[in-house]
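To start, the structure under review is shown below, and the notes come after it.
We call the chains A, B, C and D, going by the order they appear; numbering starts again at 1 in every chain.
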Amino acid sequence: MNNTADVIIIGGGVNGCAAAYYLAKRGVRDVIVLEAAKSIGHGGSSRNGGGVRQSGRDVRELPYAMYGIQYMWPTLSEELGVDVEYTQKGNLRMGKTEEHIKKLQTLASNARAVGLDVKMIDKKEVKEICPYLSDEVIGASWCPTDGHANPLTTTLGYYKRALELGVRFFTEASVKELKKVKGKIRKVILADGTVFEGETVILAAGYESRAIARTVGIDIPMMRLIDEALVTEMQPPMTDVMFGCATADFYGHQTVHGSFVFGSDSGWEPTDEMIDPSNNCVDPSKLITNAFTLSASCRAIQDYIPALTDAKIVRSWCGWLDESFDGVPFLGPVDEVPGLILACGFTGHGFGTAPSVGLMLSQMVVGEPTVVDISALSYNRFLPVR
Amino acid sequence: MMERIANHPILGETPKREKITFIYDGKEYEGYKGEPIATALKANGVMTHRYTARTHEPRGVFCAIGRCTDCVMIVDGKPNIRTCITPLEQGMVIETQYGVTAQQ
Amino acid sequence: MFDIQEKLKEIGPYIEEADDDLLVCRCEEVTKGEIRRALHQGIFTIEEMRRYLRSGMGLCQGQTCGKLVKGIIAKELHVSPVDVYPASSRAPMRPTEMRILAEDGGVCHE
Amino acid sequence: MKIERYDMIVVGAGPAGLSAAIEAAKQGLKTIVFDENERPGGQLFKQIHKFFGSKEHKAKVRGFKIGEELLEEAHRYGVEVILNATVIGLYPQKEVTVKIGEELRHYKGDAVLVATGASENMVNFEGWTLPGVIGAGAAQTMMNLHHIKPGKKVLMLGSGNVGLVVSFQLMQAGCEVVALADAAPRVGGYGVHAAKVARCGVPFYLSHTIVKAEGTDHVTGVVIGQVGADWNIIPGTEKHFDVDTICLAVGLSPMAQLLKQAEVQMADTKGGYVPVCTKDGATSVPGIYAAGDVSGIEEASSAMIEGRMSGAAIACYLGYMSEGEKNARMKELEAQLDTLRQGMFAPKNRGKLVEKTDEGIAVSMNLLENGFVADDEIERYPGVTHQKGIHPVIECTQNIPCNPCQDACPKGCIRIGKNITSLPAVEGKKECVGCGMCVASCSGQAIFLVKEDVEPGFGEVTLPYEFLPVPEVGERGLALGRDGREVCSCEVTKVSKAPAFDYTNLLTIKVPNEMLMTARFYKKA
């Protein structure tokens, strides 16, 4: 087996698969993707609400979020040969209190400053957009160019096309260590001892990226948090907007299939499993689903969309967020380790930007300027204070 | 029409139950209170409970114990009700389900 | 470590079979042919198959088709069904109304 | 918010779950049992045939009666049995979430026993989603719980015990079973179950499977065909039947999703996806146990013993029973389980062709391939003798764990011996009084009384009869052979009903002497 490639991508999630695809598309086909799990897209890529939005984002992310929505998402299904169910019918970020509205206003005005069409709307306008919402919703931010897509088929679509173009994928390939050779990144060593070698290594392994980067002396300041997703049975067509709320209690949308998919970070009370026996302290990275999590998520959703009260929940599942300390990802080359490129710390909102992130990663590999400037997302942003 | 079993060689006579009426696709039918909706429909010759969303295929009872969810119908306006385990009540309104709605 | 491209080479291209239009997943109406085609595109696990085609994602949560899907995957990949990793199992075990879940935790039982 | 606490929480009120709850409650554990169905007993309540085994396994008692007895016993020991209670989640901290009516409740147990049983396997063919294609369990539920015929004319796919038993039940409910097919080359279930179906006239099609179900809105017919060595249908072998129902009985799989959710260590085996557990049901998560079909498919009789073992193990785990007491109880239960796991159908013989009985007698190939023992094969079994006067003819030809016939005979005419899987033999020296207890007590309906020369040239055959209407004395009809074909005309000379027969009526028919070893069923002319 040939374990050497021009580019080695660690992480077979949506960002890793997208990067592999855009590399192959531009002719860099000697690419290996290493996925620790048995399945592609096993992490956050299949554990999110499917939002493809710009509103609510940090201004440092907005340019490439907007780029993707303008130039990439509309043609993605066609390009991948897989229906990614992209629907651009707006994002409604709801508020129930004056405090919520204030928070939404700040986000909206920041976004407008960088050119995003997002405005505040009142209760009546909210109801016009979606009549099924609670009367308690007093206002919302509304971004008509936002939308949603199917994260499951998007991830597998990128994977499938990359495979077709010759990218090599390995599953059950858990990376333990990186190694430099002559001052440059070179070796990627798996837990089973297998060694891969590449000119460039893209680290897109979610929270696990932190432990991997540490092996070449790089600390990525992020932590692990859990979030739950759930899906209802098929409903008659009700709405095609993407929902969110000021407090991030839940987010989600009705899929093309008819089911509603939601994500929620409600209901994560500390349970016994979180207590570190060595010091009796609660460790948030040890949160697991408990018997009340699903109920808390449902409560959050039902409070905003009472029309779903009779809808049956078919399944719930959860996943880890790679929560960066300032809420935006680490994207770009690591100066101290030439050849290493980071793409992690997406903090639970990395799905919608995967096309533009994947594209930019491919540009970084070949040394081309990225479509938008992302220097603000460099890992270096923390250096002065560390 | 599917015959009810009035007398069984091992289980004996079927206990007397309260007769009630229900509406199926706009027409009134008779059944027994508390029996599964699916049983009452079967006794009245109804085999097809729904048509699927994607290929519009007819479906009916398959597992009869609430697992496979093939027998779902619209009951009192609510879709996806498992008729094989939902007890029949007087005046229930039962409709054939097309995808997840009452009519195509 | 599992080499996807290697396996794809081993199993060769998708060749249509006479019963490819047979339904496998009753809930989401997924056919044997769709599953077989997906396998030849590199969708190898039950988990990926669910996400790609929705097989086993319906109301019954794969209780009816689980074994059938497993059998097709095993046959196509030339492995034993025992080696095809099963789908994960999550709450709720049976479809449960949102209102019932939502009220949970607020009620005191005596 | 309140979490209700119990010593032991049992999920599933089937044979394993109820037995475990009884065993534990006897030791003083506060025990609660949840079941998602409206009736307890699991599959027991749909099983109206008499069980195999010996006395301690409740042999010759019908399944639903065993269910009632278990339930009564559970109540007597203070077990709470909550029905229509769906456990939707099981968490590693031994907490369950249960949907009861319109409420979700939380329960925590010091131990949790999962006894969720099995779900039916399915097989797909053209038209398998048409209304009228149903699982065998569905057929049982409809006719035995909801008092409605699943269909008028039924084809059964599957010759395992479920397929055989349900075929017989369908006929008892008044349905016509047009054929029984199985892709396997040999009958999978007990020969005696097959024989009682075959003698009613149901043709067996082994090495056959369903080509398609016909119909547009519901089933109107079925086509089966012979399976070749490559598992494909051999062209030209297709046969059509007019049916309104196709019943699938192609095996069961453990329903272990709850255990997986609780992060119990699981193993994928040929018999399904099962928890890794010790023989008393302890899983990899301390305090979480599994018993019955969920940990591997077996008969309900074994599930009851497994349940008792888990109940005792949990009682010991929680300190309600000493290690010594537990070990003594386990020894007793293991012995019972061992006897059930003997014989030709023992787990170790699964899928194997056993050609000779323990006694060294060749197994009837006709039984395996067509569902009945051929006339020229029957004579070689020790239960088949020719004697003057009335005597039993026992057509029990496989080693199965069952011995009620030995206990049933007040005169000691029937001998099985210590090993309950041995073939019953008729003792020529003992005098049969023709009481018929053996006929009624044989769970396999394989015992007949034969008496030659009741009048010149004619003799009588007494056979078990579990159908309605019960024929009248004096009625003339047709005698059917083991293969279900008409062999001669006959007259009903006696109908015996007795509480001790437990709904197995004894029908005596008069046939020509030369038909005494051939006539095995009665059909109204």
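Throughout what follows, contacts are C-beta pairs under 8 Å (C-beta built on N, C-alpha and C of every residue); 3 or more make two chains touch, one makes a residue touch a chain.
Not measured: the values here are computed from a predicted model.
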Item to check | Pair joined by the larger number of C-beta contacts - B-D, A-D | outcome: B-D
Checklist entry - What chain lies closest to the overall centre, CA atoms only? => result C
Checklist entry - Cα centroid separation between chain B and chain D, in whole Å? => result 29
Next on the checklist: Using mean CA coordinates as chain centres, what's the gap between chain A and chain D in Å?
Outcome noted: 53
Item to check | Centroid distance [mean C-alpha coordinates] between chain B and chain A, Å | outcome: 44
Checklist entry - Which integer distance in Å separates the CA centroid of chain A from that of chain C? => result 24
Checklist entry - Can you list the chain B residues in contact with two or more other chains? => result 53, 57, 59, 62-63, 66-68, 70, 80
Item to check | Multi-partner residues of chain D (at least 2 other chains) | outcome: 36, 89, 97, 104, 106, 119, 129
Checklist outcome for this item: Contacts with two or more other chains occur in chain A at residues 233, 289, 292, 294-295, 310, 312
Checklist entry - Considering the complex alone, what residue numbers of chain C touch chain B? => result 23, 26-29, 58-60, 63-64, 94-95
Checklist entry - In the complex of these two chains, what residues of chain A are touching chain B? => result 233-236, 258, 310, 312
Next on the checklist: Help me check something: in the complex, which residues belonging to chain C touch chain A?
Outcome noted: 1-6, 8, 41-45, 47-48, 51-52, 54, 57-59, 61, 85, 88, 90-92, 95-99, 101-102, 104-105
Checklist outcome for this item: chain A residues touching chain C in their complex are 1, 38-42, 46, 82, 152-153, 155-156, 159-160, 163-164, 166, 168-173, 190, 192, 194, 231-233, 257, 289, 292, 294-296, 298-299, 301-302, 308-317
Item to check | Of all residues in chain D, those that touch chain A in their complex | outcome: 89, 91-93, 95-97, 104, 106
